[in-house]
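Both complexes shown next keep subunit A, but they swap its partner, so subunit B is in the first and subunit C is in the second.
Now for the complex of A and B:
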């Protein structure tokens, strides 16, 4: 093989020398050092790990061998509270981030509007929903509404960013046509950009709802209600048979919602069929 | 708005075609590229003029100075009674309402219906809050329908624009421009994305617009046979400078070679 190519290919005399990748080497060393230092600092109890499979089997048995099905109605009710939290949070968050995200897109808002808005999105992205909930529960108390508000505010960070990025990715031609016909900025945004971007934005809004369903369960852990709240209580009182039922409900409901929402999103992105378009007049 | 003013009988003296006068127009883009260098030309009302040149010669810049999509760096642009280079904001948008434009890429909203796409042409005649909500008057609806009818696309009015073929999309784009009831029609390489038979059909539509609706038409082309066949006068651009201005049908191959700055090639013609 090598002999064959060596005889056939003409000898290359002036091949460029391989570039030195000092930066990459340094980065590799640095990452390695950080991993090593972290592992040493955490003082991992490797011997405990050996016990993990046995413990896991023990607790899984406690949870799922004889689930306490009498807890099912309560579990469903609290899951419904969590899903409501997710739904209201998604709706509020998407409406707010659409209103804020459109002027944050290049070509729509001027720089002095864009930059502060993007700053707000970046800060909100940096703060986890749980922290936001802890801050606003001082005002609204330990209620599911606090959870919904925290999801809405937390959602603005990512959804606002998705909104302006989606709008910026719309090909500029349609907007130019609206401008050429004498349209003003609002008309360009509404008919040049929104019509092109809205299916994608709707799909992202549904995706935000799916994310919120998962996050709302976590928010329950700080006591704003919903299935996470219930889970904390059962775990603290070591009612493993009830915990098992809760986990089953959470997993099933989350998967069902993901499935339905995903199917709707695929339908949206595939585009409406011709006869479905007319929603006017 | 005068509801009777569509169709061929729109050629009343009050709303007749507009002349276009460019005087020593230079366009320098913010990135330093010069689009036009000292171009002066006078297009009479109702003329059908082609602008010919290679890509990058300034054709697109030239037609966009006429409706102010590209601001001029120096020189004056007079369209009908308006000095476009001096207008901004609301008044510029008002003038644009009288200048229809079609594009190489059609520039329709593919995910909206044909109806909503054509309705865009009514924006400059409609209050903003109504257009934002998609509310229309009966006159607007009638104008949209008659514009679609005049390009033979009426039966597709409730279809999705994205589902149309290229030629159909350009027809809808022409209808969008016609629903403005314009005095001037601009076309930026309107047939460059179309196959030859469709290209001829769209060029025929443009010529019909010129004669039946009595509009001043300014169309960018890079194919010499289309310019000869469908337009009466030809402007040649090379590197942003006006290098030819004369009748289109009698322009010789040598004239085209001068405009292109190279010998004629087979890709400079469309054929039938």
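Now for the complex of A and C:
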């Protein structure tokens, strides 16, 4: 005799009630209110905004419908000036910030060296490159060299910070081993720190160049030459077809440089993929 | 052969590679410093000659002139408001866009289009946007806010979509197995997962925005930059350094606040 006893299905577990996040909700509301208040306080005619898409379409049409290709050689020449500024500025900036960044790392320099250096980096980070350029202008005039110097000095702020953070992130094992084997300070730096920190530092140096390519176009706006110089001229005289060509050149050159530099950086950080393939033969 | 004959392996030959790298760097440096080709003319003579001008001007920056302070409050407020509103609009737009641009949340081809457009947006520098937008829509805070939105979109969408790409996407399979549409999966699984990265990037872009929006006024896009341009025009260097100190204080305060918030997000 077989009696199928119906086993009771397990009671459906009740989902735990949602955690009450009153504090988070209040913070969200507060942030929302502040954003809304500042949006309303800003001196923007929000009623004009409805007309903005039409405006944009109008001007984009003026810029890109019939670009004035006769400006192309000039645009490329000035872009080369900007890229030169960016490269020289990156080179100078990286050398300077490596020299200043190493003693600013914890474990390398003493406290009385570290603190002032970090202060200098913080100040330079806050001062916009354009203002640094305005000061350097009085020494070297309205030349691309001024732009390069401004990029170099402005870059010390962020790059110095990256340098000491990278050095501090190096695991201390290798350096200890070199010290234990009797290495002096230079040997510790060469075999303990440099071997581990150099890929990251080189990758950051290239990244600095990428950033500088963008910033150098901006520096042209104050007249140190390069593509920004052309851009202010063309926009002031409303030569939209020439502005369109300039923007195309800026976008293409920046993307090509980003692509090349990004590929090199990936290669530096990850190493070659196929290096070990032939070892079995 | 016995174990005692172990020898130190020879050092790998790295010098050819180092030589190539150094050679390329030197070549580019030479190319970019030839004035005949439009390169940078490294004029050390000018530094030697005009050293006095620069140090004199730096000297004029001190002492900072506090009498400018009352006039800075309004532009400073405008700068902060522009930064905040720009970040908020960009965050609202970046939330769907970053899911649209990442492979796990958008397997279709449209991903490539979104990425391409954002790459183009990122390639244009911020002040270039501001210059052109001022010419288009007129002087004021509006071109500044649009500039900041475009700038933020570029970095936030790139970093967040890369985070989605590299995150472990297996949790999304659960959503697919339960029969969810892609939108539902994104909403329920991907979005909570990327929330911390997203919030941290938005905070970072707010920091950058305060920095940028303080100089946008140089081209007429509102905020402190307009005042900077004015005091520079009148050679009031004490006032200029006071404004720089003010920006410094605000930037560092925002940096500290956003670092504290970001630590709590982890």
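The criterion applied here is as follows: the second predicted complex is superposed on the first by the 234 of 281 C-alpha atoms of A that agree within 3 Å, B and C clash if a C-alpha of one lies under 4 Å from a C-alpha of the other, contacts with A are read in each partner's own complex, and residues count from 1 in each chain.
Just so it is clear, a residue touches a chain if its C-beta (ideal position, glycine included) is under 8 Å from a C-beta of that chain, and two chains touch if they have at least 3 such contacts.
What you see is a predicted model, and the numbers here were worked out from it, not measured in a lab.
Peer 1: Under the stated touch criterion, which partner chain does A:251 make contact with: subunit B (first), subunit C (second), both, or neither?
Peer 2: Only subunit C; A:251 stays clear of subunit B.
Peer 1: Which of the two partners, first being subunit B and second being subunit C, lies in contact with A:190: first, second, both, or neither?
Peer 2: first
Peer 1: Taking the superposition as given, does A:221 touch the first partner, subunit B, the second, subunit C, both, or neither?
Peer 2: In the superposition, A:221 touches subunit C alone.
Peer 1: In the overlay, work out which of subunit B or subunit C sits against more residues of subunit A.
Peer 2: C
Peer 1: Could you say whether A:134 touches subunit B, subunit C, both of them, or neither, answering first, second, both or neither?
Peer 2: second
Peer 1: Report for A:243: first if it touches subunit B alone, second if subunit C alone, otherwise both or neither.
Peer 2: In the superposed model, A:243 contacts subunit C only, not subunit B.
Peer 1: Once the two structures are superposed, pull the subunit A residues common to the subunit B and subunit C interfaces.
Peer 2: none
Peer 1: In their complex, what parts of subunit A are in touch with subunit B?
Peer 2: Interface residues on the subunit A side: 171, 173-174, 176-184, 186-187, 190-192, 195-196, 198-199, 271-275, 277-278, 280-281.
Peer 1: With touch defined as at the start, can you tell me which subunit A residues reach subunit C in the complex?
Peer 2: It comes out as residues 34-35, 38-39, 41-45, 48-49, 52, 55-56, 59, 77-78, 80-81, 83-85, 87-88, 91, 122-123, 125-128, 130-131, 134-136, 138-141, 143-145, 147-148, 214-215, 217-218, 221-222, 228, 231-232, 235-236, 238, 243, 247, 250-251, 254-255, 258.
Peer 1: Going by the contact rule set out above, which residues of subunit B touch subunit A in the complex?
Peer 2: Those in contact with subunit A are residues 67, 69, 90, 93-97, 99-101, 103, 105-113, 115-116, 120-121, 123-124, 128, 131-132, 134, 136, 141, 158-160, 162-163, 173, 176-177, 180, 186.
Peer 1: Per the contact definition, I'd like the list of subunit C residues that touch subunit A in the complex.
Peer 2: By the definition above, subunit C touches subunit A via 25, 28-29, 31-33, 37-43, 46-47, 50-51, 53-54, 56-58, 61, 77-78, 80-82, 84-85, 88, 119-120, 123-128, 131-132, 135-137, 140-142, 145, 211, 214-215, 218-219, 222, 228, 232, 240, 244, 247-248, 251-252.
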